[in-house]
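The next part holds the structures, each set out as structure tokens.
Note that subunit A is present in both complexes that follow, paired respectively with subunit B and with subunit C.
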Partner chain A sequence: MIWSISWKNVWRNKVRSLVVIVAFTLGIFGGLYMVAFFYGMAESRIKLAIGNESSHIQVHNPLYLENNELKYTIDESPEIVAQIEKIPQVLAVSPRIKVTGMANTSGNASGVMINGVDVEKERLVTGISESIARNGGSFFKESGRKPIVIGEKLAKTLKLTYYEIQDEDLDILGERKNLRNIIPVLDSLKGKSFRSESEFDHALANLLGKEEAEKASFRIKQSAIKYRLKRKIVLSFQALDGNIAYDAFRVVGVYNTGNTGFDGLNVYVRNTDIASVASLMPDQVNQIAILLHSVEEDKMVAEQIAGLMPGADVQTWDEIMPEAAMYSEIMDYFLFIFLTFILLALGFGIVNTMLMAVLERVKELGMLMAVGMNRRRVFRMIMLETVFLGLTGAMAGMLLAYLLVWWTGNTGVDLSSLYQEGLEAMGIATLVYPTIGWDAFFQITFLVILTGILASIYPALKALKLNPAEALRVDM
Partner chain B sequence: MKKTMFISGLILLAFCIPSNAQDARAIIKKADDKMQGEETSQSTMTMTIVRPSWERVVTFKNWTKGRDHTLALITAPAREKGQTFLKRENEMWNWNPTINRLIKLPPSMMSQGWMGSDFSNDDLLKESSIVVDYTHSIIGEEEIDGWECYKIELIPLENAAVVWGKIFKWVSKKEFLQMKTEYYDEDNYLIKSELAYDIKTMGGRVIPSKYELIPEEEEGHKTLVQMDEIQFNKPISDSFFSQQNMKKVR
Partner chain C sequence: MKFIEIRDLQKIYNDSEHEVHAVRGIDLSFEEGEFAAIAGPSGCGKTTLLNILGGLDEPTRGTINIGGTNVNELKSSERINFRLNNIGFVFQAYNLIPVLTAKENVEFIMHLQGRPKAERDARTKELLEAVGLGDRLNSRPSKLSGGQQQRVAVARALASKPKFILADEPTANLDSKATENLLDIMEKLNKEENITFIFATHDARVMKKAKRVIYLEDGKILKDEVK
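And now, the complex of A and B:
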């Protein structure tokens, strides 16, 4: 009874109610979509980080974690790897030799993390083999003497890149609408090779004008960049005997994971090549990385592995990268805080509206009380009216947000034209797939009802203070 | 007749090539020994680091014994005075009195310029040798600063831990001085040149008193080293090149 009266009351002044409902719709929609967007970003970061960097589980010698030195090894690794591979939840296992060192070319030098890997096993565990850049060779497909695969960022640092526009690059650039008009101009640069980024920038600025070049240069450079494959890189690092070991490797592949921090640091060589230089035994490794069928089983499998290898340190991905794991947890709080602020602002709007509704219905309320509606019912009626008002708007907002999250969650939101450089530096992919869990919707419904109840207190109290006898005589 | 001449010519040629290579190698070996083959040396040097917008002068004393032991003491500017560097075989340490710390230079610091110059720490203690890691050939004779020189091409061996594509060295016929060196990358771009000039008799030897290092790809950058004083073969004990002495030496 009260419920239907309240619901009808909401629609007595349609315009006024709709204003509040629309405000709620937009507020909830905006807040929800925003959070879904950040969730999507966090999720992509975690996915990339697990896929390319940490895998689900890593096993080390505990001393290695304290001090990343070559000498802290896991011995008899082939037997251990075979045992881990037998665990049904395990998808793939990659044993690695890891040592920090220097990479030198004639152009420059840079500190690197040398990963000595079993190529076939590594291919199954990380996405590096699928992240080879266009024109960037391959992941150890060509076997030569001592091959090495490096990141694009490192290739730039070591001056193993040059810039040259070829027909194929123009085709790729032509697929972008906003660049189509400059393709004919770029044609004149075709076939010319530029040794450094600054030389190329300069040529672009001369050709296109400063402003135009600045806008388009990131895209153009991205497709014009070429790599000096087969070039020599001299790696130096401290070998097991304490001496600094030097060895020459040839670049066979350049990868780009979209995380420049990672790409600038990690180089991959064959474990057999590095073991001999480092004077390690063939069965000694520093790290075993494990990929599972699904991330949910990580803790359980980690325990199983810890049982297999007493004395070793077994970590799951959220322990290896607490910062990535933190992303998703922080998003939960973020959602809560964000919506609280939105609802607080909307709550004041609702107080105002309800106050108006109560004050213009003084006579009617007096009448209801006079015919015997008790105070509690009056209070409930006004409270329900408020909650309906908010909830209607919130439902509409949630529906809109759900539809948009569903739609963009399938197509992805492309940020690359805006912030690719910055996002890659943070290790986030430029195609974001917004996503949100059902619990967020329940949370919001609960918060909206709470807001409605709180916002109704003041107007309802106003209504309760009415004296039926006086209220009836008010001239409206 | 013609045929025998042709054959003997071929034989002569066959003898010539290796002997030429042998010569080139011998010349490089002599030049290398000239630079580093002394029993001991003790010198004072002034290094000028030139950058497009500033210049900086560092003076230091330098003691060496054979190829494997070097100790350097910075004497100016005041801010860096008292710092010492010790090189033993292929390891290097740095003592910094202002922070009272002795550190072993890790591989990650090897590529940094020594005292901010264009000489990298790696250059100073490099393992690769211009004698062992390259094949050598004489490709011409040129005159530099009035000195007749052999122009020698050095091509690194396939697996040598050398970043260069090739090196040209001009070595004087007399005294075997390395008058000029050019370093090229694998695409034949000139990356770095070294010049030696102002040949003088110092410490009883005829040596260049000035060196210049020019990184070719960075405009306005170079490093100049001037030898102010040098003495050869004054006995120095091995214990002089120790971590204890790094903190005491003056």
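And now, the complex of A and C:
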């Protein structure tokens, strides 16, 4: 009955209660959605990183991990790969020759990680083959002598890019409402080729004015960028015998995973091409990357593989990229800290409201104590009232947050027009799918109840200090 | 020993500057089944006496014994329980819980006592019928007239099956018809169920109905008149 009285008391002064409830609704909604958003970002970072970089499991010669040298190999790889492929949870396996080296063009040089891959197997394990840029050729579709696929970032470094606006680019830009009005202006740049980004920037600024150019340049450049395919890159690295080996490769593809750090470093060549240059045996590799059907089975499969290959080092994705795995853990702390601050602020609001509610009910509380409601019950009544007040708002906030997370979690939130460059540098996709686990909702419910209980202490103590005889005499 | 015995009761309020002697040595006793009024002008000490009698206030000196319990020796939490189980209160301003219906207001006291639901329901209905509100069980106080609210208050006071009922100016806010109606109901309960009523009042209509009137003046008994 005290529960029902407390609940009814909440609705005594509807406007005042609603103010607090709305404050809770907005606070909880805002906090939750923000965290869901960051969770979404973290998750997309992890997904991208697994899909393009680490895969679920990697196997190395333990010495290779200490010292990324070509000579630390896994031998007899075809048999091992065949055995791993038989594990039912395994989706695909890609053996790789991996060696650090230098990439040189006539324009520039850059340190790279050379990945010698079995093209067909690699296609199934990573998303690189699907991340080929527009106008960026293909992932080893063209046969020819010693092809190489590089990242867009590296292509820029090695001066294998240029900027030229073509009809098709204008069509693509025209699909964006906010750019439609500058299309006719851009038309005058059509067919002109700019060798560097700064030259193109300059031309855009002259054409559109500085401010307008700054706003639109990211999109325009994204469309206008072209790659000098079929150009030669010379790769050099330390071969198995300790000498520097080098060979020329022809660019057949340019990929863009959305993580510029990765794209600036990794180049892909056929394993047969690199093995001959490095004088490796055909069945020697440095790394076996494994993609599973589902990430949940990673530890179990890793153990199984470790059983198959006693001497090898088997790592799961979170061991390979602890920084990516850390993201989601950090979000848990974020959620906790955010909500603590939000609830602290809301808690003071609720103290104020409850204090008003107690002080205007002095006479009634005096009567309740006079007729025999003991202190514990009075305290409980006021505490429940406070908790109800907070919880009502929190429930509404959680519902709103849930609905918006569900909705935007399906459609995605497009950040590309705002921060694509920055996000790509961090390896985060520009389309964020907010997501949040049920545990967050439980955590919040718990924290709100705790806030309610804490916030009720002061008003309740005020009420308990009342002397029933005096309280009854107060003229309201 | 009498049912209620008050010995050498004194109450001094320490107002910021000077002391106020609200009650200056009262000896008084009540039998079970009395229908008594404590009367006198405002400031004579009748509300103070009633509050002390009801365990809402502590005397500066003296003892109150109710049915064998020395009330002023009880701890504050024990006093609350004592009030809950032994005393029914009716206040001048009705003081019902506004968010509860008439039925719930009466039931609430029995809920505090921990009585089972079936008993609460039956007794609530019975009591509200006794005060003539059998048809207003589900009305909230704001939908009831002053007289009706005070009758709910009487039903509430009776709900706990108290040893006696203390009523502080119960008719002060009522018109004469409602007053008469209320007094008739209380008189009937007194006669038929032998329930003890003690009023503090300066309402002539109440004094007229009372079987005993104790006149106070300046914190002392002026006259104790049994009709």
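Quick notes
To be clear about the criterion, the second predicted complex is superposed on the first by the 476 of 476 C-alpha atoms of A that agree within 3 Å, B and C clash if a C-alpha of one lies under 4 Å from a C-alpha of the other, contacts with A are read in each partner's own complex, and residues count from 1 in each chain.
In this section, contacts are C-beta pairs under 8 Å (C-beta built on N, C-alpha and C of every residue); 3 or more make two chains touch, one makes a residue touch a chain.
Because the structure is a prediction, the values reported are computed rather than measured.
Placing subunit B and subunit C on a common subunit A by superposition gives a fit, with no clash between them. Look at A:V371: by the touch rule set out above, it reaches subunit C but stays clear of subunit B. Looking at the shared chain after the overlay, A:R231 reaches subunit B, while subunit C stays out of its contact range.
Within the superposed three-chain model, A:R380 lies out of touch with both subunit B and subunit C [touch as defined at top].
Judged by the touch definition given at the top, the superposed model places A:R123 against neither subunit B nor subunit C. Of the two partner chains, neither subunit B nor subunit C is touched by A:K215. Of the two partner chains placed by superposition, A:R134 touches none, neither subunit B nor subunit C.
After overlaying the two complexes on the shared chain, residue contacts for A:N9 are found with subunit C alone; subunit B is out of touch.
Look at A:D247: by the touch rule set out above, it reaches subunit B but stays clear of subunit C. Within the superposed three-chain model, A:R176 lies out of touch with both subunit B and subunit C [touch as defined at top]. No C-alpha atom of subunit B lies closer than 81 Å to one of subunit C in the superposed arrangement. Looking at subunit A, you'll find no residue that touches subunit B in one structure and subunit C in the other.
Subunit A makes touch with subunit B in their complex at residues 100-102, 104-111, 145-146, 195-196, 228, 231-234, 236-238, 243-244, 246-248.
Subunit C meets subunit A in the complex at residues 47, 51, 54, 56-57, 77, 80-81, 83-85, 89, 91, 93, 95, 97-100, 104, 107-109, 111-113, 156-157, 160. Those residues of subunit B that touch subunit A in the shared complex are 90-91, 106-108, 110-111, 120, 122, 127-128, 158-165, 183-187, 189, 191, 217.
Interface residues of subunit A, counted against subunit C in their complex, comprise 1, 5, 8-9, 11-12, 363-364, 367-375, 377, 467-469, 472-473.
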